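First subunit A sits with subunit B, and in the next complex the same chain sits with subunit C.
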Partner chain A sequence: MTPLYILTKKEYVQMFREFKIIWLPLVFMFLGATQPVVTYYLPSILAALGGNQGITIDPSMTQQDGAQVIAATLGSQFDQLGIMIIVISMMGIIQSDKANGMLDFILTRPVKVGAYIGGKLLSNFSFIAISVMLGYFVSYVYVNFLFNNIPFLEMILAIVFYLIWVLFILCFTFMISTIFNGQGVIALISIVCLLIFKIFSGLHPIIDLLNPAGMSQHAMMVLITGSIDSHLYGNMFITLVWITLTVTFSHYWISEKKYHKN
Partner chain B sequence: MKLHYGLNDFKDIDWLAVLQIAAPFIVVGLILILIALFDLYRHRNERSNVLLWTIVILFFNTIGPILYFTIGRKGEKPNEVRN
Partner chain C sequence: MKLEIKNVTKKFKSKTAVNNFSMVVEHGQCVGLIGPNGAGKSTLIKIISDILYADKGEVLLDGKKISNMKREIGYLPQYPDFFHWMTAKETLFFMGQLSGISKEKLIDEVPAILTKVGLINEQNEKVQTFSGGMKQRLGIAQTLLHKPSFIVMDEPVSALDPIGRREVLNLIQEIKHDTTILLSTHILGDAEEICERFVIMKQGKKIEDTTINKLITNNQESVVHLEIASSDLKWVELIEKLPYVKNVELIGKRAKVRLDNVQLNKNRLLRDALESNIDIVKFEVGSSDTLEEIFLKMVVSV
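Moving on, here comes the complex of A and B:
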């Protein structure tokens, strides 16, 4: 019964009470299913909308590869709506504890700041990772059903790389939630910064190396090309450094009690 | 673009093929709506704009329940651990 275990359990009880444990996986399953189904029906949709305007569709163009569809699930569903939903559901992770005095109360007990941060990150990351993986597997099942099969190993590798980017999203939101006090400000700053990271990924190899969103790009590349890019390990290392930096900064901010309003 | 469909066009749709693909969407959407409505009903005395949220949950499919869960759960009891 270490403090880490108790704090992790408390977070899970909280998620259960808020029904978060049900709706967040459902939302990710919905996002994961959207991309394959819309891509599958795209020729019919185009035909229904542009049928009498002389638009014809080359049948060979509409034959999409399954790997491309599942990569598009990661790139255009999880990286846009998914980021927003993760940030909005996690924006109160520290802020609400600050607002109702729970953080001050916990720190009067013999609990280390590290155990508090660890419990928060462990519970929330394990939960988000399971949600994202569920959504991804739903997408995988749909792609296998509607398109062609994807090699199992590449699928697993891609989701592992993608989860490192998800861990960065969580740690970044965590840091912003520690520093600022308004929920709207936290959501705005986190979403804008993370989407800017995402936009800058893929522009230039050197920028990609420093950019945590490069992990998402690499996950898509593994799916599409089936081989691991040589820059991946450097990018993974630098992303882990970024994660360590954000967590260290949050640790410093809480242990120095800088979160008090002036 | 054909805008007007008659009742006879229903027969032309291959319902089995459509349902195979659409059923998970319907189930997920329904579960989300039911959980959101259940939560709203349980806390009906503590929430503001209960009627407005009911309409949003019922008619804005899948986005409505998500909005309720993320930003609609305000105004709970002040002694709860997290609001």
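Moving on, here comes the complex of A and C:
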């Protein structure tokens, strides 16, 4: 049994014990359901709350395309509340091990830093990816039920692109958690930076190419237009480079033992 | 296992925590690393167990770099803390597997080692419910699990209450026959009980490397311990002027009198006391300092 396997298994057991395995998928399923349901019932909600103050709603104006609704699930649910939830659930990923001395302890055993980081990322990414996919799937089912059908292939392509952005979110939070020691600081820096990436996406083609949040943009575009943007591969490559950089930097930081407070 | 520490220096910003420290620990020895708080003991221990890097110098175990010899080292931190959600048994399985022991072997060995440290009845309880002493014992179990040939312990008993302290000291007594041990402490009595050899540290430097017997013989100077009734304390001031009295230290009713030649002059002092009609409570010839005092003198004066 390799250290990588043992450390990965330990992460899964921890998720079970801390009930993360229940609440995180539930939160994403809830987020996934919100967008289609709220959009569908929006005319009724407005009608009920607006009263008869002279507001009339033209039902044809609010009738949205299913692809747009599921794209909005990614863009306005997962990319806002979703990012915050991922960051908050992951902010202690390294920080807690530093704080209680387990990182030191584990590294006094014949364990490579790579195995430690690998175990953390493998377990947490697979778990978050499954949570996000579950939420996405719930959204897909609701959209198919309340709006119109979305082509299966586009649905799959979109989530694959989106998961690359999720991997970046995880690796970025991982790096911040490695460098800083306070949970609040880690959450603040991660959330602010990731939201800034998100805000800048779609502003300018060159910025988009370098921006990891561009992957989220591409996922939405695949859903809405049904075709793949020509910048996708460049953006995907650069996002993967960013991911490699954050992981390499974390590896450097831990193996050079720069995480000690003094 | 022979441990060599060669010219290790470690700086934290402007403070030098360990300053050009060298020593050799031979196979089977038990060495106590002693020093006041802030002397750099923990830093040195962390360098030895490869948690910190030294700025200069190196640590070798059997001639090989310590980072390649982790399997041979057992490390007990000052405040061992494990994953709170794991049980004692799971903790040992986790750490054991990380040390490269197979699961089958651990199934045999974990209960045995838990019995040894007295945690067998708590094996399925979560670590978060453990007291400091129990965590320390679990830490020792973890240290011994992979049968290291060299064990490093950082203040293994300092944070414990007298009962926990006794339990842990007895445990160390038991294991010291099988392994080489280096432990740090700021309580001399603990080291005195377990170790034969002391290395005393102050401000990051090694100031003494000695055995307990040498330490006492070197510092042994016979003096007269005198205790007299408080009404006669004036006499103590008088004897200080006697030609064969070197000096007198007076603490309360007790005086420590240093003489030129104790063997020759102690009776003269006694005679003098009798002639002056002094109310003597105690008159004793003995060594000048307890180990504690020797240690204090070294650490404070050097």
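Points to keep in mind about this one:
One rule holds in what follows: the second predicted complex is superposed on the first by the 261 of 262 C-alpha atoms of A that agree within 3 Å, B and C clash if a C-alpha of one lies under 4 Å from a C-alpha of the other, contacts with A are read in each partner's own complex, and residues count from 1 in each chain.
Note that in this section a residue touches a chain if its C-beta (ideal position, glycine included) is under 8 Å from a C-beta of that chain, and two chains touch if they have at least 3 such contacts.
What you are looking at is a predicted structure, and each value in this text was computed from that prediction instead of being measured.
Once the two complexes are laid over each other on the shared chain, residue contacts for A:49 go to subunit B alone; subunit C is not touched. Of the two partner chains placed by the overlay, neither subunit B nor subunit C lies in contact with A:230. In the superposition on chain A, A:18 makes contact with both subunit B and subunit C.
In the overlay built on the shared chain, the residue A:106 is in contact with subunit C alone; subunit B does not reach it. Once chain A of one complex is fitted onto chain A of the other, the partner contacts of A:29 are limited to subunit B, with no touch recorded for subunit C. In the superposition on chain A, contact is made by A:257 with subunit C only, not with subunit B.
In the superposition on chain A, the residues of subunit A touched by subunit B in one structure and by subunit C in the other are 14, 18, 100, 102. Touching subunit A in their complex are the following residues of subunit B: 1-2, 21, 24-25, 28-29, 31-32, 35-36, 39, 62, 65-66, 69-71, 73, 78, 81-83. The part of subunit A that touches subunit B in the complex is made up of residues 14, 18-20, 22-23, 26-27, 29-30, 33, 37, 40, 48-52, 85, 88-89, 92, 96-97, 100, 102, 138, 146.
Listed in rising order, the residues of subunit A touching subunit C in the complex are 1, 3, 6-7, 10, 14, 17-18, 100-102, 104-111, 256-257, 260, 262. Those residues of subunit C that touch subunit A in the complex are listed here as 12-13, 46, 49-53, 70-71, 73, 75, 77, 79-83, 85, 94-95, 97-100, 102-103.
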